[in-house]
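Worksheet: one structure, shown below.
For reference, chains read A, B, C, D and E in written order, and residue numbers begin at 1 within each chain.
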Amino acid sequence: MVDEREALIPKVGVVTDIRIDTPDVKTFRVVTPDGKKAFEHRPGQCAMLSIPGVGEAMFSITSSPTNTEFMEFSIKKCGCVTEWLHSMEVGQQITIRGPYGRPFPVDTEFAGHDLLFIAGGIGLAPLRSVINYCRHYRDRYGKIDIVYGSRSKQDLVDYDEIISEWKNDDGINVHLTIDREQPEWDGHVGFVPNYVKELGFTNDKIAVLCGPPVMIKFTLSGLQELGFDKTQVYTTMELRMKCGIGKCGRCNIGSKYVCKDGPVFRFDEIDELPDEY
Amino acid sequence: MQEIKREVLVNKAKELLSDGTVDRVLGWKRGEFDYDVTPGVFRSAEELDSGFVWGDFCGANFSKYLVKETAKGEGRVLVFLKPCDTYSFNQLLTEHRFDREKVYALGVPCNGMLDISRIKESAEGIVSVCEEDGKVTADTLYDGKKTFDRDALLPDRCSNCKSKKHVAYDELLGSDGEVLDSGRFDEVEKLEKMTADERFAFWQGELSRCIRCNACRDVCPACTCEKCVFDNPDSGVENKAAADSFEEKMFHIIRAFHVAGRCTDCGECSRVCPQHIPLHLLNRKFIKDIDEFYGEYQAGAEVGSRAPVVNYTTDDIEPSQAVERGEQNA
Amino acid sequence: MQVNEYKPLIVAFCCNWCSYAGADLAGNNRLNYPADVKIIRVPCSCRVNPMFILRAFQRGADGVIICGCHPGDCHYTSGNYYTRRRMALLFSMLDYLGIERERTRVEWVSAAEGAKFAATMKDFAEKVASLGENKRLEDLRCKK
Amino acid sequence: MRKISLDRLDALFAAISKAYTLYIPTDTKAGAKFEKWHGEERLSDALNTVRSPKDFFFPQTENLMDFKVEGKNIEVIDTRSECGDFAVFGVRACDVKSFDILDRVFLSDPVDSYYKNRREHGVIISLACTKPAETCFCHTFGIDAASPEGDVVCHKTEDALYMEARSEKGEKLMSAVSDITEDADSAAVDAQKKLIEDRLAKLPLAELSADAFGDGKTSEFFNAPEWSELSEACLGCGTCTFVCPTCQCYDIKDFNTGHGVKRFRCWDSCMYSDFTKMSAGQPRLTQLERFRQRFMHKLVYYPTNNDGLFSCVGCGRCVAKCPIHMNIVKVMKKLGGSKNG
Amino acid sequence: MQRIGVFVCHCGTNIAGTVDVKAVAEALKNEPGVVFSTDYQYMCSQSGQNMIKEAVAEHRLTGIVVCSCSPRMHEATFRKTAQAAGLNPYMVEIANIREQCSWVHKDMPIGTEKAVILAKAAVAKVNLNAPLTPGESPVTKRALVIGGGIAGIQTALDIADAGFPVDIVETKPTIGGKMAQLDKTFPTLDCAACILTPKMVDVAQNEKIRIFSYSEVTDVKGFVGNFDVTIKRKARYVKEDVCTGCGLCTEKCPQKNVPNEFNLGMDNRRAIYIPFAQAVPKVATIDPNYCTMLKTGKCGVCSKVCTAGAIDYSAKDEYIEERYGAIVAATGFNPISMEKFDEFAYSQSKDVITSLELERLMNAAGPTGGTLLRPSDGEHPHTIVFVQCVGSRCAACEQKGKEYCSKICCMYTAKHAMLIRDKYPDTDVYVFYIDVRTPGKNFDEFYRRAVEEYGVHYIKGMVGKVSPEGGKLKVQASDLIYGKQLHIDADLVVLAAAIEPDKSARGLATMLTASMDTNDFFTEAHPKLRPVESPTAGVFLSGTCQGPKDIPETVAQAGAAASKVIGLLAKDKLLGNPCVAHSDEMMCNGCSTCEKVCPYGAITYQDKEFRMPDRTTKVRRIAVVNEAVCQGCGACTVACMSGAMDLRGFSSKQIMAEVDAICK
C-alpha cells in the first residue's frame, strides 16, 4: 500500500513512570515499546497522545530534547482524555504522534540573551522543556530568571526538580510565589504579575510567559511597564486541536493555525491575530 | 397570494415600535432574489421600510427564534406568527422555553407558502417570481416566463395544512381560519399499506441521502435542548457525520421519538432538508399513532397540555397490538 | 437435511421487581430456555430508553425484549404504563421503517410467572431465529 | 480536440468504465447526484449536483486506522489501501477549481496521504456550463464557466460532446477512448464559449466582486458591526459547509465496535457550537464568532495563506440550500460595501 | 479506570455443574479494568467473603464483580462485604450465573459461554459505577391525620398509643364522621354511637392528640419525615377553649330555620349549633351563612346568654403551620348525588330517601326521635321498597354513576330491612337487587336471617321507575327470576346510593402529590403488598378514601396505617435509596416533562443563575430531584429528551455498557 508515513497515524507508546506532581497534575514518562524515544522534538513543541476509544489530545512535551531516553508530559486533569490518563497505571500503552508546532527559537533569538521565564500553575509544563534545554546548554545563554507561582505550595509543579536542581545552578535565580499564606511556606506570597513588578527586571532580557489567560494579561502589561517590548516576550497558546497538522480547522485564528504556526508566538505576532482566544 | 399586504404588517410593526409596546421586530428580510427571505430583527421604521418582506416565501417559523431573542434583554419582541407557527409557540410556552411577557405576538393569516424547489424542478435560472389570481409566474434566464398553478407549488406541509386557526396571539391581523381536516396522514397511510420490505427500501433510499447537516434539528422548534444528545459525547448516541447507515436511522428515529407528542407538525424539518428527505413523514407517523392509540392530540393546541407520551390510561393498547394493527393495514 | 446453526442474540431488559424475579423463578424451577437470551436488570421497564434498544441492534442483537410487571402491578405504580406507551409508539415506528416487527417485544411477566418467562423467551428466541440475522438495523462497523 | 456524438454517450461511458470506475451526475428525485455508472444511469441535465464532488477525495467519513486493545497493550492497524483509478465525469468549472483549493490544504506538508491517494487516482472530466443559474457567481473568483479546468475538459453542444485532455492523466484517459471518438475542430466549442460568456454577463450576480476581500484584510473586517446582523438568524447547522465544495474542516473520532476501535475522520463544521469547544473554554462563544469564522476563512484567512486565492468557487450551493437563506453573497454585499453596490 | 476483582462462585455444583467456573474466571482476566479473577466453592460463605476482603486489600480493588446467584439473593451480602473491606457498597455488581444461567441451561459449553458474557456485562457496568451514599433526612416525630371519621380516629389513637403526637384535621365542627350518623351497625346490630363515642372521648382526652376541628389543610410542602403543612382554622366565632358546651346559646338563638346537615336536612337547627350531643370537641359553632349578627350586625343573643363569654364575632380564619413526619389521608366518603337518577323521583318526593337518610330517620337522636315516619306526612310507612346499586356498578358509557361496587350497600340494606321488620312487623319490605354480595364474616348468615327469619322480600331485578301518585309511590320493577313486571304501591322508597370519595380528596391528593385512580380514590403504593401506603413516601391511607369498605375493614386498615406511621416515626433518620434520579443542570431545559411522569412528585423546578462563559449571567429554569422522595424508577430519565436526567446505579452509560458487552 501507500508506503508514505501518514501524519495522522500514531505510534504506540508505553508509560514507564507516573509522577504525582500536584493534586491534579501528573507527569507521565513515555517511551516506545522497545524502550526508545518516540521521536525527537524541539523545546515548546507538542505531541498528540491518545487512548483508542477515549480520544486524542494535544500536550506540550515537558521534557527537554536533550533528554535522550524518554519524553515526559505534565498533564492537568480537566477532561475525558486527561481523566483517563490520570487513572492509568505504569505499563499502560497509549498512542503518540508528533512533534507538532513551532518551537521556541532557542538557538536563534534566545541565544546569547538573558532569559526570564514566568509561569503560573500548570503553565510551567511547556516551559520546563525550554528551561532544561537552556540549563543543558548553559553557556549559550546569559542570566536566567525563573518566576513561578501557583495557588499553593502543593500546586507547584516539579517542585522537587526546582528545589534540588534549578535552584542550585549557577546563574539561575528561581523566584517562587504562592497565592495565599500557608503554614509550611516561608517564601513569597502574592500573584505572579505583582511579583514580577516587585522583582523589577531590567528590560534587556527575553521573557517567556505561560499560564492562565488572566496571569498572562497582567504580567504582559507589567513587563511593558518595566520597559519590555512585545517583540521580547514569547508565550505558548492552547486551543482545541484535532489533526495537529493545520488542516482540520479547529485551532484556526485568523490566518494562523495554532497547531502548526504556534503554539509558540511572540506577542507582536499575537497582536496581528484577531482577538479570538 | 397572502391575504394581508406587506404594508399592513409594516405599519402595525411601526406603530408598536413607536408606542413602545415592543423594541424590536422579528420579521422576514429581503434577499437577493424573490425567494431567499431571511429571518431578521428590525429595530426601526427605516429598517422595516427598506428590508421587511411578506409574501409567498416567508415560510420560516419564528417560534424557535423567541427562545434566544427573548433571553437577550428586557424589551419586548414583536413576532409574526402564521397559524402553524402559533402551535409551536404554544408548545414552547408549555415547555417554559421563553417568557411570554417578553413577546407581542401578531397573528397573520397564511395562504400556504411556496416551495421554490418545485419551481426549480421545471425552470432554470429564476430571476423573479410573482403571483396573480392563483397563478405563479417565474421569470427565467433562458426560457422566459413560466407560469404555474399556485397549488402545485405548495410543499406538502401547506397543501395538507392542518390548521388556518391561530391558537395564540396578542393581536390578530385579518381573519382567523379553522382547524382543517387535512389529508396529512395520506402519505403515512400509503407507506403503512406497503410491505415491510417496500417500506424498508423506501426509508433506506430516503435516509441514505442524509448528510447529517443537522438542519432539521437546528430549525425544529421542538429541538431546543440546551445540549442535544447527538452533540453530547456522554449520551452514548453522539454522532456527527453518519459513518454507517445505522447512524442515519438512529438519528432520525431518536429525533422523531424525542419530538413525539411535542411535534406540532410545522414541517420545517422537511422544508430545510437540503436532500429533500420527507422527514415530516416520520413525525406524522407518531402523530397518527398517538391520535389512533390515545385519542386525538395536537401538540401546541393549548398551553400546558400533557402530551400523550407522558401520560397513560390503564387500558392502553399493547405494543404488540400496535404493530399488529399495522398488519391489518397492509 | 441442513442443520440450522444460526443462533440469534437476544437482549432482554427485565424490571427488578417482577420480571427479573420471574426469570429467577424460572431458574429455581429449572425451566429451560435458550441461552441466546441475555438479561439486563433495570429497576423498572420504564427505565428502558429507546436508545438502549437501538444500541443493542447496532451492536449486533437480533432481538430485544422488554419485560415488566403486569399493568397495574408496577412497583412504582405507573412505570410500566409509560413503557407500554413508549414501546407501542417505538415499535410501530420501527415497523413503519420496515424493521421486522418480530424483533421487538414487550411482555408482562410477574414474579410468580417463572413458567411464562421461560415460555416467552423460548417463543421469542424461535421467532427471532426464524427471521435470521438482523440486517436492517445493523452497524457494519460492529460486524466481526 | 476529440468529439463524440451525444447519442453515443453510453459507448463513451462504457469505454471509460473499462479502465476506470466512472461516476456521472444522474437525476434523482432530490436533485442531481454523482453515481457510479453501471450502464443504466443517464447523464443529468441539471446544472450541478446537490452535493459537491469533494466526496471523491475527501469523503464525508473515512476510516483512518484501527486499534486492537488488549489489556494494557495497543496495536495500531494501518487500514489504508491503494485506491483504484476512477474518473468523475461532468464536473463543473467551479467544482474543478475547488480541488485546487483542497489540494493546497491536504497536499501541503505534511501531506494527507488518504487524500493524496485518491487524488492521484482520480481523473476529472469537466463540463462547461451552458446554462448557469441565477445563484452562480464563479466569475467573482476568476473562474470561467465557459472554459473549465480539469484533466479532460468537455463541452456539450446540441449533438456532440467535445473533449480535450489537459493533463497527463487526461491524455491517458483520452487514449482509452480514442477508438470511439473522432477528431474535431474547435469551432463549435468556441461558439459555445461565446454563448456562455454572454449568458454569464447577464447573470443577476454578474457584478458581484470579491475585490474588497483577500490577503491581509483581517483587521478591516474582523470587527465589522455587520456580522451581528448577518449572523443573527443563523441556525448553526452545517448545511452550507456540507454542500460546500471547499469546506474542509474535519473531526477525528473513535468508535468502539466492541471488538476494536475504529478511528475515523468525518466532516465537521465551524458553524457547530462544539467545533472549538474545549473542557477549559470556548474561543468562539456565540454563533456570531462561528459565522464570522466561516466567511473570514473563505474571504480573508485562506487567501492570506494561499497567494490571494479565495476559498469560495461561487457554485451557489449554499445560496440554494441554506435553511434561512443567509449566504456568502449576502455577506460579500453587506461587507464589501460600495464595491458591490 | 477501576481495579476490578472478579469472583466466580461454584455454589457447590449448582453453578459448577453446568458452568466451567475456572474457565469463566480465566476468560475475565483480560477484560478492561479487571486486575484479579478467581473462583471459589461458596462465595457467600464466611471464608468466601474473607477471600473478597483480602483480595480488595491485596490488589487495591476499587470494584467487585461476583458471579453467583441472583442479586436478589446475595447482593446485600456482598455489598456488606465490600463495605467491610473499605469499599463503597455500590461498587459491587452481581452476574447472575445461577438462576439465569446454570439452572436453565444444561450444556456445559453453552452455560460457560453465557456465564462469561454475563460476567463481562457486569464488569462493563462496574467500570462505570460510582460510589453512592444514601442521603439522610431527619424524621419529625409527629403525624397528621386528615379526616376525623372512624378511620382517622382509630389511626390517631393507635399512633398516639405508641407515644407519638398526632394531629387530626377535620372540616366539620366535630369529629365522628359518617359513623356518628349511623344508627346500628351490621352484622351485630350494635348501636353505632355506643361504640364510636367512647373512642371520640378517648381522642379528646388523649394528651398526644390535638384536634383541629372545623379546619382544612391548605398547603403541603416537603417530603417524607418533613412535611410542612398549613392548616386553615376556619373562624368558628366561639372560643374553643372557653366554651363549656352547655348548649344554652343553641337553644336561645333566634335563627331557627337552618337545615341541619347532621340529619341530612330533614330537620332544622339554629345558626349557632353543636352538631350532636356527643360532639367532640363539644363546642358551639356559629354558621356565618345564617347568623344575623354576622350578617347584619344586629342580634347578639348568643353572646348575651353565654356566661362563659366564649362568643367572639370578630374571629377570623387562622392559619397555622406545623411540621409532620407522616401524613395519613382519611378523608372518607359521601353518597353520590341522586340528581342523575330522576327515574327514582328523589327530587320529586320527600318519601324517596337515601339509605343514610333512613339511618337518621331510625335513630333516636334523629329528626323523628327514632320512630320511622314518612318525611312527607309523618305517617307510618307500611310498604317500603329498597333499591340497590343506585349509581354503583354502572356501565361506564352511561356516565351516570360509578363503575365500581360500593360494597357496603347490600349489608346495610339487609340491616335496615331486618330492623324495620323487627320493629314494625306490619310493614312489607321489598329489596330489589342485582346481586346480593355478602363476603364477610357472618355477613351471609345475616342476610339469610333477613330473608328467612324476617321475611324480607328480596327480588332480583331492577326498579325501572318510581312515580309519586296520590300520596303513594308507584314502583315499577321487573322480577328477573319470574320474568314479570311488578307494580308496587310503596309508602317509602329507600335508595342505596353509591358512595364516592369526599370531594376534598382531589385537592388534597394534589397537595400531597399522591396519586389517585380515575374515581378519585387514592391509589396504594402496591395494590397487594403495600395497601395502606400511598406511592408518595410518608403518605398513608386509611378508610374509604382508598376504596369502599365497611367499618371493621376501615378500622383494620386504620390500624395498619397507624402501624406503618409508627414504623416510620420510630426512626430518627431516614436513609434514602442512593439509586435515585438526578438532573444535570447544565443540560436541563426546564421543560417540565420529567415532573409529569414522576409518580412521587419528587421533581420540582427552580430558576437558577448561571455564569456564562462570556461572564454574563443567565437565569434558567432547571429540574431538581428531591432524593428523599425519589424511588428510582427511572421514568423521568426516558422522558427527558436532553438526557439531563439520569439514574444513579442504573445510568444510561452503565446500561449501554452492559448492552455493548452482551452484544460484543
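In the analysis below, a residue touches a chain if its C-beta (ideal position, glycine included) is under 8 Å from a C-beta of that chain, and two chains touch if they have at least 3 such contacts.
Since we're looking at a predicted model, the values are computed, not measured.
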(Q) Strictly by the touch rule at the top, which chains does subunit C share as contacts with subunit D? (A) B, E
**Q.** Given subunit A and subunit E, the chains that contact each of them
**A.** D
Q: Give the touching-connected groups of chains that are left after subunit B is excluded, with no other chain moved.
A: one piece
**Q.** More contacts between chains, B-E or B-C
**A.** B-C
**Q.** Chain centre separation (subunit A, subunit B; CA means) in Å
**A.** 51
Q.
Need the CA-centroid distance for the pair subunit A / subunit D, whole Å please.
A. 39
**Q.** Geometric centre distance via CA averages, subunit E-subunit D, whole Å
**A.** 69
Q: Give, as an integer number of Å, the spacing between the C-alpha centres of subunit E and subunit C.
A: 34
**Q.** For subunit B, residues contacting two or more additional chains
**A.** 229, 235-236, 243, 309-311, 314
Q: Could you list the positions in subunit E whose residues touch two or more of the other chains?
A: 597, 639, 652, 656, 660, 663-664
Q.
Two-or-more-chain contact residues of subunit D, please, as numbers and ranges.
A. 69, 251, 255-256, 258-259, 268
Q) Can you name every chain pair that touches? A) A-D, A-E, B-C, B-D, B-E, C-D, C-E, D-E
Q) Which of the residues in subunit B end up touching subunit C in this complex? A) 188, 191-192, 196-204, 229, 235-237, 243-247, 249-250, 253-254, 256-257, 260, 282, 285-286, 289-290, 293-294, 308-314, 316-323, 325-326
Q) Touching subunit B in the complex: which residues of subunit E? A) 518, 586-593, 596-597, 605, 618, 620-621, 639, 641-644, 652-653, 656
Q: Give every residue of subunit E touching subunit A within the complex, in rising order.
A: 1
Q: State the interface residues of subunit C toward subunit E in the complex, per the touch definition above.
A: 9, 11, 16, 20-21, 23-24, 26-28, 30-33, 35, 38-44, 46-52, 55-56, 59-61, 72-79, 82, 86, 118, 142
Q.
Quick check on the complex: what are the subunit E residues that touch subunit C?
A. 70-72, 96, 98-101, 103-107, 110-111, 113-114, 117-118, 121, 515, 523, 525-528, 535, 579, 597, 599, 631-635, 637-639, 647, 650, 652, 655-656, 658-660, 662-664
